[in-house]
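Several structures are given next for inspection.
Two complexes, one shared chain (chain A), two partners (chain B, chain C).
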Partner chain A sequence: MSDFLQMGLTGLSLGLMYALIAIGLTLIFGVMRIIQYAHGEMFMLGAFALYYWHAELGLPYWAGVAFSAGLIFCLGAVLQVVLFKPLQGKNILYSLAVSLGLVLIISGSGQLLFGTTTKGIPSAVSGGMLIGGAYLSYERIVISAVSIGLIIALWAFLRHSVTGFAIRAVAEDPQTAALQGIRTDRVHWIAFGIGSAMAAIAGCMMGTLLSIVPTMGFLATIKAFMIVIMGGLGSVIGALIGGLILGMIDSVVTTTISGDIAIILSFVVIFLILVFRPSGLFGQNWD
Partner chain B sequence: MRKTSPPLLMNRRRLLTTGAVALAAPAILPRSVFSQTPKTIRIGGAVPLSGPVAYWGHSTAQGFGDGAAVINAAGGVMINGEPHMIEVIDYDTKGEVADSRAATLRLVEQDKVKYVYSQAAASTVGMLQVTEPAGVLSIVACWGYLDLFGKNYPLHFRAETSDYEQGFAYIPFMQEKYGKDALKTAAFIGPNDQDGTDCHASYKRLMDYYGITQKSAEFYNWEDTDFYPIVAKTIADPPDFIVTSPSPPGITASIIKAARELGYTGPISSPAASETTTILEVAGEHADGVVLPVTNVSPSTDTQKAVEKRFMERFGTFNALAGNYSWWIYSLKAAWEMAGTAEDTKAVAEALAQVQLEDTYVGRVKWGGEKSFGVARQGIYDCYTTTIDKGVAQVEDVRFPALPDDY
Partner chain C sequence: MDKTDIIASPNRLVWAGLLLLALAAPFLVGFDLYLIHVGITISFNVALATSLWMIWSLGVISFAHAGFMGIGAYASALVLTKLGLSMWYGLWIGAVISALFAMLIAVPLMRTRAVYFFMASWAVGEVIKRNFAYFKDFFGGWDGVFDIKPPVLDLGFLQIDFADRLAYYYLALFFVALTVWIIYRMNASRTGMIWWAIHENELLAQHTGINVFRQKVVCFTIACTLVGVTGALYAHYQTYISPKSFDIWKSEFALVHLIVGGLTTVGGPVAGAISLTMVDEALRATGYFRTIFFGVVLIASVLLLPGGLETIPARIRRLFNRKSKE
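After this line comes the complex of A and B, so read on.
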């Protein structure tokens, strides 16, 4: 029983972190209709920003998370204005090429700037507790709580704030939103910034729990895309559910069978979802 | 009366003649007549300088860069009384087979190198596709892909003492430290590729030799980040100790952290991590009870201190792994001088297999494995075993592997 509880708790914490990365990606796609392949690089840069703030300079951990989120928000907003805005309305392949170029530039520069050794971010908390025989570290509890809090905050922001309404309106129909007086350019860079900041916070959380290297963004992007496709492009709730499904598969199947089978099963689940719901679990038809 | 020669006058005809002879001379006379600099031996590096195993690649490249500078400053390699300078050319393989093959082709065909060094399994596999058919001698750190090693690859040397040979130093050490009865069972955690599979075979052979029962063997994907699930599975039936081979420091640290958080208290040995900073940084207070064979974190001899000092001055950084790789180039130097040639790689290979160095960063070094692989091409050296206790890493044991007679 405790084994299954352990798997469940591990899967839950893993899924929430996955969801945090994927939600940023789905927000960017939902608003701008671009494939942001460099999303994982925002995740990596966010983790390194916290590393230098907290591990190198010895400054407070949570202020470092806020600094990282703010920094990457600004970077995302600048990238949107400088690189992606001119491509608006053009074939999606252009933005795809730009974001792939960004992946190579940021990842390569990261190795030059940060070095190639694996680094660790000291945790803000230590210790843990037993729940029904299963161990859960305070670190994982805090990270899961932060993930849940951020997802709720984003949901509330999109539902109840004026900017959130504007973002949803642009995601729904950019032309009509513009006719209603919404400044779509502004919404685009805000959404891009928020999405990037979410990735940065996820990078801070996962970087603290695990370890960080300049190449860590690639896998984050892959996982985020798997989740977004599963949950439905542009759907925040879909990203949450998709993240939890992937986290559970990773935990339960790896523990009971093997990691290889977990990867295979993850893709089998994605294929099945796409066969029965081509737009993903909660996605719209973007055709 | 002293006869004096008339002064040599430089008229136009003589000037033109002298100029023409000077211009034609390089084409007529042998090149050596004009050579002011010694001959050069080129060593190529097909190493991962970016990507997940770049840390290993940089550490290896630093050893060759430093060694070449030291040897050149001391007058070079003396082959039959003639000095030869060493030039090192490095290309990035990104840790990929295809990139390594391309880098090695460039080294062999364009740069005309006859000696290539490499690092880690993927780069070694790509490199070997080029070096062995081209008659190029290769020297690498690679533990897996044992079918690409041995008498069918007579020019291929594996300088880094593998997890198997290390075992004949660290297992006896652990048995002395923890007691034989406390180490009756073990579990293996490694990557799910050929490297991991081969290292598991070596580990199994080692455990069988010492009569230790294997409880489980788990294999992770290189892309895995959270090791909670795989560690939970490993310690479901807790082994007396865990071996994480051939996992790099970052992954090893994540495995250690997960194991300790999930309540596992036994020793964890990591033959490949060879680095303590990352482990202490990532695993934090959970790093206690970690055993790192061939990891000398406290240079103590004059040679070791000199290596550390030079690396710090030259590269601004030093780690135990870079120290481990610093002897390779000196081994080659000894082989060139012993063989009396740098052109005949077969003769150099035969000489290299005979080389023994007494005072390197890793202590005593020799090549072995004749009975296991058919040729003596495996580097074996003193194992400086570091342990971590209360957050402090220190060398706790130094011994040469007590290899079995049939090795």
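After this line comes the complex of A and C, so read on.
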């Protein structure tokens, strides 16, 4: 029983972290209809920003998370304006190619600048507690709480703030939104920045929990795309549910059978979901 | 076709020139073994990119393409190492197995559309790769399959050992030319026009009486068969294959060749694959910077040359027209 509880708790915290990466990606796709393949690189850069701030310079942890989020927000906004704006309205393949180039550049220069050795970020809290025989570290609790908090904050932002309304309007219909006086260009870089910043915060959390290397972005991109496709592109709630499903598969199947089977199984699950619901669990039909 | 026909159509002239250049290439580079290796790599990449372009004529891009190349490669390699049959059998067995898998997978896969198709096909490719890695006893796990001998052609009076790189270059060139020719002819045929009709507007195509689903499955199967043959050739050239040889990056680079080359004619993927493979090999000396430079070249070509390399002739023509007017 306690084994299952342990697996469930691990899966839940893992799933929330995955969801955080995936929600950023789904926001970017929903608003701009572009494939941002370098999303995992934002995740990696976010983790390294915190590493240099906290482990190398010894500055406070939470300020480092905020610094990292702000930095990656600016980076995302600049990338959108410089690289992705000219591709607006073109076939989705072009944005895929450009972001693929970004992946090569960022992960390549990451290996040059940061080195290829594995690094760790010292965590902000220590200790843990036992719940019904399952061990739960305070670190995982804090990380899950941050994930939940950010997801709720984003939801509230999209629902109740003026900018959030603008973002949703552009996602719904960019031309009508522009006719209503919404500055779509501004909405685009804001949404891109927010999406990237969420990946960066997820990177900070993941970097504290596990370890960081410059090549970790690719795996994060894969996970994020798996989740987003499973839940339906452009759907925030879909990304959350997809993240939890993937986290549970990862946790349960890895402990009971093996890691290889967990990956094969998660791809099979995605394939089946797409066959029976061709637009994902909560997706609309994009063409 | 007679001689005047060639001169009348500049496209054919270019194709014939390209083929002649490819045939003469080993002599031009002075039989340099490394450059012949680059030539063989270019051949494989051209075959991969053009058959991916064939799927693109339906309006979708398959990320499972490298996976099907892997099926062809593994089938041919295992036929040699387990049954002792040479590549002349393995090639066709690989093609048939690749085709069967493609047909089986295409039936559920073609239910998905647009972006979802990318990801569903990605899942297919990843599952194929992971299965090669997981079943250690049969496929050799992550270590892969070793000792895949190149074939020997025995014509009685003449024996050609394809372990020789020059001989293999011509073998690869033959199959690539065949692949490109098949795709070119298919694309120019009525069937090709049906595929482009589906590409333009699926609903309208359906309403004009096209069996969209069947056409999609057929197109996907043919493209995967062709890439299965390429995979078998690849396996016998490298003499070693592992699941890592057929991962998502291979499909992605084929896609990059397509985009940089251009998406509307078969010349696009050919031009893209040739030029980018050359760029990639030229950057090899730069070590760590190789991937960075490749990324820069990729982004620059997408942003500065929309439409790809295939639009260059039209651009040059426009430039001259403008000058002659002035």
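Observations on the model:
Criterion: the second predicted complex is superposed on the first by the 287 of 287 C-alpha atoms of A that agree within 3 Å, B and C clash if a C-alpha of one lies under 4 Å from a C-alpha of the other, contacts with A are read in each partner's own complex, and residues count from 1 in each chain.
Everything that follows uses one rule, which is that a residue touches a chain if its C-beta (ideal position, glycine included) is under 8 Å from a C-beta of that chain, and two chains touch if they have at least 3 such contacts.
As the structure is a computational prediction, the values presented were derived from the model and not from experiment.
After superposition on chain A, the partners chain B and chain C are seen to fit next to each other with no clash. Within the superposed three-chain model, A:Thr184 lies out of touch with both chain B and chain C [touch as defined at top]. In the overlay built on the shared chain, the residue A:Thr254 is in contact with chain B alone; chain C does not reach it. By the document's definition of touching, of the two partners only chain C reaches A:Pro278; chain B does not. By the touch criterion defined above, A:Ser211 reaches chain B but does not reach chain C.
When the shared chain is aligned, chain B and chain C each come close enough to touch A:Ile263.
Contact with both chain B and chain C is seen for A:Gln111 once the two complexes are overlaid on the shared chain. Once both structures are overlaid on their shared chain A, chain B and chain C have a minimum Cα-Cα separation of 5 Å.
Annotation: chain A residues 108, 111, 260, 263 touch chain B in one complex and chain C in the other.
Chain A meets chain C in the complex at residues 35, 83, 86-87, 90-94, 96-98, 100-105, 107-109, 111-112, 225-226, 229, 233, 260-261, 263-264, 267-268, 270-271, 274-275, 278-280, 283, 285-287. If you check the complex, the residues on chain A that touch chain B are 3, 6-7, 10, 14, 55, 108, 111, 116-120, 122-123, 126, 128, 135, 137, 206, 209-211, 213, 215-216, 219, 222, 250-252, 254-256, 258-260, 262-263. Interface residues of chain C, counted against chain A in their complex, comprise 61, 108-109, 111-116, 118-120, 122-124, 126-127, 130-131, 133-134, 252, 255-256, 259-260, 263, 288-292, 294-299, 302-303, 306. Interface of chain B with chain A (complex): residues 49-52, 54-55, 57-58, 192, 218-221, 223-226, 228-230, 232-233, 236, 248-250, 253-254, 261-263, 275, 277-278, 281-285.
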